[in-house]
Structure formats: C-alpha cells, structure tokens
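In structure tokens below, several structures.
There are two complexes below, and they share subunit A, which is joined by subunit B in the first and by subunit C in the second.
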Partner chain A sequence: MLRERGHFMTETAYNFAYLDEETKRMIRRAILKGLAIPGYQVPFASREMPMPYGWGTGGVQVSAAVMTPEDRFKVIDQGADDTTNAVSIRKFFERTAGVATTTRTEEASLIQTRHRIPEAALAEGQILVYQVPIPEPLRFLEPRESETRKMHALEEYGLMHVKLYEDISRHGHIATAYAYPVRVEGRYVMDPSPIPKFDNPKLSDCPAIQLFGAGREQRIYALPPYTRAASLDFEDYPFEASKAEHPCALCGADDTYLDEVITDDAGGRMFVCSDTDYCETRQKERAA
Partner chain B sequence: MYVAVKGGERAIDNAHAWLAEERRGDASVAELSVAQIREQLALAVNRVMAEGSLYDPDLAALAIKQARGDLIEAVFLIRAYRTTLPRFGTSHPVDTGAMACDRRISATFKDLPGGQVLGPTFDYTHRLLDFALAAEGEAPHTPEREADDAAMPRVMDFLNREGLIEEARPSDDVPPDVTREPLAMPADRALRLQVLSRADEGFILGLAYSTQRGYARNHPFVGELRIGTVAVEMDVPELGFAVEIGEIALTECETVNQFTGSKTEPAQFTRGYGLVFGQTERKAISMALVDRALRWEELGEDDVGAPAQDAEFVLYHADNIQATGFLEHIKLPHYVDFQSELELVRKLRREASADADGHQEAAE
Partner chain C sequence: MSPLLSVRDIEKRYGAHIGCTGVSFDLWPGEVLGIVGESGSGKSTLLSCLAGHLAPDRGEVIFDTRTDGPRDTITMSEPERRMLSRTDWAFVHQHARDGLRMGVSAGGNVGERLMAVGARHYGEIRESASDWLGRVEIDEGRIDDRPSTFSGGMQQRLQIARNLVTGPRLVFMDEPTGGLDVSVQARLLDLLRGLVRDMGLSVIIVTHDLAVVRLLADRLMVMKSGRVVETGLTDQVLDDPQHAYTQLLVSSVLQV
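And now, the complex of A and B:
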C-alpha cells in the first residue's frame, strides 16, 4: 500500500542539498539580512532536518542554502574531520548534494564547524559556517526572548558588563572560557558559538565570510569579511586568549589550541592539536 | 592511543547495523507489519500524527516500526519527512460541527440533542490485565445498530444563545503558520493553539494538571468532547469550486470555564479550546486547559506567575523534537569546551592556593 502511494523516495528524489529551492531562498534572504546587519540575529523559519536539533541543524541549513555543485566542502567538529558528527554531516551532503569534500582547510570553499575555528588562516572566497546552540549572548542573564530583543535594540548591554565585573570581583578573572561574547563593529553583542575563547581573535577582520546558524532557535547571523569583532573586556582586565601551556606532542606547535588526551589510568596525559588537519600537515612537513 | 578517537565512519556504520538487528529483535518471532501497527496500535499512531503534524496513518505506523516503538523518535521521522513535502495549497477550515462522531460527551449537561455517545473509550473499563489477549483469539464481536443521522449541535451554542459564554468571534484573518514562519512573541491565540496542538502530550498534560492544582486555576468543565471524522475541502483553481479531498479523524474539546468578570468583561463563562489529530483526548483536554490559562491577559485576569500562564515558557518548551534534540546533544563531543573550562578551573585553583600560601606566610 505504501509503495503504491509513491511514499518510498530514493535519494535522487531529494532536491540538491536536500532543501527545496523555496526554502533555500528563504534562508538566503535571512543570510543577506544578517550580512547587512553584522551581529544581528535574524529570525528564520528553520525546517525540521533529518538529524536532531542540537546536532547542527542550523549550520546544515545554512550550508545547504549557500552550497553550489562546484563547492569543496569540509566539516569539522571539535576541530577534527573524523569525529562522528562531522563524518555524519559530511556524508549527508555527499549523498544529497554530491559535492566534493576535503579535510584540507586551504582547499575548502565551504567549511562547516562546531566549536572551533581552523588554525590555518582563512582566505577571501571561503565561507565558514558555525553550528550555534544558543544564539543569544544575553540568554543566561535574561531568559525571555521578548526582553533580550529589546535589550539589543536599545544597546542595553550593561547587564553583560555587570556579569563580567562580578566574575572578576569573585574569581579575579572573567570566568567564561568558551562562547565568549564579542561586540561587532561597536554595535551588537554576539555569541560566537561555543568556540574556546582562544579562537576569538580569529573572528575579527577575517577575510572569509562567517555565517552562524541556530536551527532550533530559528536564528541566523553573520560577520561579513573584515568585520571587527571585539571580545568584551575592561581596560584593566584585558581579554586574554588562553590555551593549555604545552606544545603539541605530535607536531610541536606551541601556538595552537590543544586537546588533553588521557593515556593511562595513572594520570598520564598528552596534549595534541585539536585541529587535526593543521597537525597532520605540520607532521608531514617535519617528516619531509 | 590518540588513534583510538579516529575511525568515526566505521563506528557509525557498525552502530547502524547493530541498531537494525536490535530493531528486528528475535528473528524467530514473526515480524510486525505496518498494517498491524496501524490497526492495533492506533492510539500510538494518532499521537505520532498529531505531534508530527502530518496526517498519514501508514507513515506514522512505519515510523513507529522504524523507531522501535519510541514515539518521540517516530514523531521526529515524520517531521523530517514532512520537511521534504511540497505544499500544494491550503484547505478550507474543517467544520467540526458537522463531524461524524464516534464519541461525543458533555460533562455540563445530563442530556442534550444528539445524546451522549460514549464510543470506544477506556473510561469505564476496569484496568485488569486481560490475559486472554496474551493468547491469540478471534476478533471480538461488537453489537451494531443503524447509525443515527441526528445532528449533534455544539453544547457551546446553547450557552451562547443565552449570552452566558463569551462569544467566539469569527475572523477571516489568515492564521500564521508555525511550520513556515519563525515563532515570534507575543503569539496570538491562533499561533498558540497551533503550537499546543503539535506539542508534546506529556508536557501539555503536566501544565494542564498544574492549573488544576492551583497554578493559575481556571475552573474548567468539559463542555463538550467530540471525536470523529470531518471532511477536508480544498479549492481547486481549475474547477473554481471546493472539492472534498478526503477525511481526517479529530478530537475536539471545548471547556467552559468559570469567570467572575474583570475590569473589562462582565461575569460569564469563558472558553478553552483543544483540537488534535486522531483519537487523542488526553491531549485535547489538556490543550483546552492550557489555552484557557494562556488567555489571562486578554481576559483581564491577574498574572499569578504560574508556568501555564507564561506564553514564552510554554511555547518555547512544548515541542518534544526541539527539546529532545537539545537535551540529547550534550552527549556529543564537547571536549574542546571542556578543555577550556579545565584550564580555567586549574588556573583559579592555582591562584587560590598561592593566595592561601601567601596568607600562611604572612601569619607566620
């Protein structure tokens, strides 16, 4: 009975990059609006995707909307191309769009990421798509969307500065280690997605287009190329991008973000680059 | 050791293969057919259609089979499939007044035109496990009689004639569509009802129950509960008139709520409304109670700070696909963020112990 009704669809029955063209147009309009108002959260009619909310549905919809058949696509999660969810999203676009993929940051025209910005400098012509869980930087200070939208409209960011100040008075430091808020071109305070604050400086003046997609929260925002994104701080407590104080145990880099890997049950550990492509490239260069 | 975190692709393939085997279960036990699920687990099918926002019993049954009976997972499969369907048009509003009812009861009147029709309800069953069902048996014999063509007028219309209940003012406004536009606050009643209709049954039940226990109590009576089928009509541009394209089963609940009046409204009864796909009466009744609680502002009632009165709280947290996705995503790798927290905690502890040492020396 199901078969007669034509319910069984083959993969070729889906449109290029899964979403229908009308939906892509709607998402592109939101992206263009986001690029026109850097850091502003544009509401968009997020669709239900075949992966769960929280797995990158916002990023996937943004990638689908900007993807062309000529693109070379890279996906990273935690900086790595071979983490399970990165593998799954890369496979999804291989199946539904048939695009070429790569693990090389320099070769990719479109990069979707969760929780990291690649170590290699991005270039003009590249697009970096972030998966965003909670797009609202003020959310944990004010749970109501109707209130936070007003606060952005009125540039009422005092609450955020009070929070950072209280951190300093209590701990001696700003106690935010990731998803560290930035002010975009002196206007909107923006959540850079849960990247470690080590990555924050790379947001600013970046030659690539940076797009942020939050599927469940139905928001898209953007940083056009060469946009200033300043991490919030105080004159006497300047922002500090921090990382583990070790070199990478595999490639020796001392300027990359490191994962701590537990090697035995006696407290043994090693520190290695979280960006697997960057690390492997350096290892090859050293071997050559 | 570091190599162990690689190999995501093979791990995923193997996990999927194992899942398929577990879904099938013991292969010596006959496999469930989609038709069996559709016919014999009909209330699960109804719930999946309602929360999946797609009326298709066959697909809902398939989703339940594929999801191993996990109904939220089945709802998710239906929602994701729904995304790929083109939209041909919009039907006319269905006329639930003309519903062919399987069940129609009123708690506010002993008898009424059209009568009280119990229909296939669990209400007066004794919840005793029926061990006879464990053995395969013949189809049950059900007494039958000719269907009564008597109209079943709405209970609310009787009250309306006397002006005892607020008027439900008809409107030609096109309601917003929560599946095509981002949810925006403040949400009007049409939008709220849409979200409630596809909301998680358990969440709505809990909220409705909380109003009964005093968190924004609204004194509900079930004015009428009706379950049955209605015709769906759609304009076909080539024909120039509406044609019936099929029928769907619905559950509709209208509550009558006591209301002593406010600054703006005289004392009269007010309404709560629930409408859900399929036979889903727990959900429809819950929906009506929550709808009524959310109307506090329009009726000039006090905000007592109850969860069920808070539209942002209710509407942003009622969708089980959004909720389960975000809740379960915390099992995905987060080691980059965790590492940055580790560094921070180590740093704060280092400084705290240095401070303590400093104090110690000063004291000595």
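And now, the complex of A and C:
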C-alpha cells in the first residue's frame, strides 16, 4: 500500500493525492470500465471534495486516481493557467501529492481541463482529464434518468437531432456552440463537457487518453487513444468548428480559439487566444 | 388475408383486483375497433397491454410485422417492441401533453419520429413536418411555435400528426376527444375519419363516448368489470343491444 510508504506522505499528512487508496481503486475501476466502453457513462461513488460542486470535483477525483509521483501536472480553466480555478487545483495537488507542475502543454503528463482542449497537439502517454458539469447529453430533452439510460442502451438517439433541428428552425443554423454532442465509434452519444465546438475535431483520433469526471452527477466516461468521435449534424447542415473571425491580438494566430476581451467602456475590445500557454509560447518565438 | 393484430386471452391483474381478463379478438387491416365501457371497466388497461405499455399477466398479442410476419409482441425483445411503437404503431393519448414534447416546436414534435428512424436531412424533415401540419389543419406558419401556445384542439391534432408521420399501420387511441368541446370534437372526428380512410389505418379506439364510436368504429367491444360483455358491428350493438349493461349504456346517452 502506498499509504505505508513514508516518502509519499506530505507534511500535511494527507494520503498521496488526498483520496484514500480504496477510493482511488474504486475510481480506477470506473475509469477502466469507461475506457473499455468508450462514451458510456459509468456510475461511481463520488466523494465529497474540499471544494464546491461545479468547481471540478469530478475532474479532481479522476486526476487523483490516475496521478503518480512522477507526473508533471497542468491545470487549465477556459484555456488559462492563471485563473482562480486552475491555480487552486494546481496548488491542491502540489500540497497533497507533491507532484511537479507546469503550464507547458508539451511537458505535462497529466492535464486537468475545464472547458478547453489545449491548442498544442497532445501526444501518446498524456492524459487529459475533463471537468464535467452534466454528463448526460439528453438531459434537457428527456429529464427522466431511467428513460435516458434506456435510450443509450437501445441506441435511440433521434431525440438528440431534435435539439439540433430546434437550433436550425430558430436560428437558421446549428447554434449549439459548446457541449456539442458527439457519437463515439458509431455507438454512444456523448457530451464532451462544455468545450467550444471548435475543439470537437480534436476529440477524435487523439493520441492521448481522455477521461471525463462529473462529481455531482457521479459519472465517469472516457475516450481511449485514437477513438473516433463524430459531431452530430444534418446532411444539409454539416458540422462546423466555429470561432471568432479574427487573428489573436497578442500572438497573431488565426487558427486558435479566441476570447473576446472588453478593454474599455467605449466599445473597445480585443480578441486573444484562450489558451494562454500556446499564446505566450508564440509571443516568445516571435520576439526571438 | 390475415389479421393485423390477434389478441388471445389477455389478462392483467392488479393484485387480487382484475384489470381485464379473457379478452380475445382479431383486428383486420383497415378496420376500426371501438372499445367502450364505463370508467374502471378495464378498457384503458387493455389498451396499455396491447400497446406494450403494460406487461399482461397472461395471453398473446400477435402483430403481423412487415418483415417477419406474425410475432407475439409480448415476448419480443424490448428494443424490437420500442422500434415497432415508433414505426408501425402510433399511440394517441387523451391528454396531448402526455404525447407531445411541450418544450419543442411543432415542427420538431412532428419531425422527432422521422429523426428517430434515421432521417438526417433537415430540409426533408421540415418539408414533411410542414406537410403534416397542413393535413391536420394547422396553419403552416405555426411550425416554429411551441405546443404550449396552441389550443387544446390544436394540440390534439398536432399529436395526431406527430404519430402518423412515419405512416404507421396500427393506431391506438385513448379517449382522443376527451376534454374537448363539442364543435372541436366534431372537427377532430371528421379529420380522424378522413385520415383513417385515406391511409387505410387500423385503429383501436377506447372511449366512453358512444357518439365517437358511432362515427368512427366499424366494430364495437363493450367492456364491464374487466370482461368483454358484448361484441358486434357498431350499428348492430348500438341499435339492438343484447346485454343488459349495453342496454343501460345506450339508454343513458343524453338526447338533445
């Protein structure tokens, strides 16, 4: 047991990565099942974490369960390494696991993310952990959990297209811009967590392991490396990975997802990369 | 010709209480069967058993499927039964709210069944939704409105459009005119009669309103205390009732 090996214990006397080993084992089982059935939502006994629901309790539990002392850990929140949520989760694992941390996507072996996939290409051996608020893509169309489970089991996914139909009839195009549903390997329809649909193509055929944890809803699901995830659409309204039609004001990139930043109260605004690490790297390269 | 639906000795009990028992009949293609009886006579229980919403304790419900011929829908697997219920079957609820998605536009409601069987072309889905709204006399301009903005009669007609869009062969109706005022009822009945004729639908319609079955049904089954007490051609049963209960039922109709 890791618990008995003193050098994993930190000064705060928590077990390595906060959770006890039995809980980690339970979560790992759920993760393995999720990897074996890509896109299937595996129920797990989510624990109380020292942070509120909605702040990434699911992602933190998954990260804790897969973390090793050799890992280099990165946390991003809406693409940024320096927001409250990212900073506090990074600190949490620095204190309870003593792992090395980084802001560089390429250097990290374990990345916890809220609402983005990093711009830099992920590689084999990396694990990307998503924080998921609502894992059930059918939830707002069919409130009964008993019914949605049955619909997943029987592959009855017509209802998902009703949502897209409603989008087109109301807005003239598929207006769903985030949490855009994907079909995994032609089987399960999955909510990729609220990432912008710009990131959807990166879900598919990704060399890294992608794990999704929903703490309040007590579900874990997963995409193994090189798994196909097709965004749902209509034949005459195909899927489009949309973004703001601007280059980044700081690094000049025109192929990244952008945040709109209001700069004054006279209508001034600028568009900058939401992935701070990617943007800073490019700025340094340009300066050099 | 073989019957579309053969029902053999259906029984459903709620504990010691009988829901319905010993019900057998054949329904032929294009036929409209009315089931009448007072509240609590077991007619809705029977309909739920036939439509697969309730599992009967005994009996067979054999449906002549398009691909595999006659199959017992009670012993068939749940995916197959659910597939039937969104393709070849339709169910019209008494309250339109039970059969519609109130948060989804009229067009989405009609299109849902098409998308459920694999339609993935928005333009075509919208076209058939629009066509069906016209056929149930709903202004096509209301296609993007939610059913919650519709009147009761319109909601009921929308529910019918939503059910018929996949061209089912068997329609179950549970008091389709209940809760509507008489002029709206008359219009709905007219519409239903036209659709049944045009599409050659087979229908099982449960109601306590004898006027409804007089207009729609070819054949009639009278139920009391969970048992069928009389069957026959509609006009025959209503004009010359044999069983004491049927006589009571017919004589209880209010005359204007």
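Heads up, the rule we're going with is that the second predicted complex is superposed on the first by the 276 of 288 C-alpha atoms of A that agree within 3 Å, B and C clash if a C-alpha of one lies under 4 Å from a C-alpha of the other, contacts with A are read in each partner's own complex, and residues count from 1 in each chain.
Keep this in mind: contacts are C-beta pairs under 8 Å (C-beta built on N, C-alpha and C of every residue); 3 or more make two chains touch, one makes a residue touch a chain.
Everything quoted here is computed from the prediction, not taken from an experiment.
Looking at the shared chain after the overlay, A:I37 reaches neither subunit B nor subunit C. Judged by the touch definition given at the top, the superposed model places A:V272 against subunit B, while subunit C stays out of reach.
When the two complexes are overlaid on their common chain A, residue A:Y237 makes contact with subunit C while staying clear of subunit B.
Within the superposed three-chain model, A:A100 lies out of touch with both subunit B and subunit C [touch as defined at top]. When the shared chain is aligned, subunit C comes close enough to touch A:G158, but subunit B does not. Of the two partner chains placed by the overlay, only subunit B lies in contact with A:T84; subunit C stays clear of it.
Of the two partner chains placed by the overlay, only subunit B lies in contact with A:P194; subunit C stays clear of it. When the two complexes are overlaid on their common chain A, residue A:S169 makes contact with subunit C while staying clear of subunit B.
Once both structures are placed on chain A, no subunit A residue is touched by subunit B and, in the other complex, by subunit C. On subunit A, the positions that touch subunit B within their shared complex are 1-2, 5, 7, 9, 14, 18-20, 43-50, 52-55, 57, 77-80, 82-88, 91, 115-116, 133, 144-146, 171-173, 175, 177-179, 194-198, 216, 218-219, 242-244, 250, 257-261, 263, 270, 272, 274.
Every residue of subunit B that touches subunit A in the complex is listed here, in rising order: 1-2, 5-9, 11-12, 34-35, 58-59, 62, 76, 79-80, 82-84, 86, 179-186, 312, 316, 321-322, 324-330, 332-337, 339-344, 347-348, 351. Interface of subunit A with subunit C (complex): residues 141, 154, 156, 158-159, 161-162, 165-166, 168-170, 234-237.
Remark: subunit C residues 78-79, 82, 101, 104-105, 107-108, 111-118, 120-123, 125-126, 143-144 touch subunit A in the complex.
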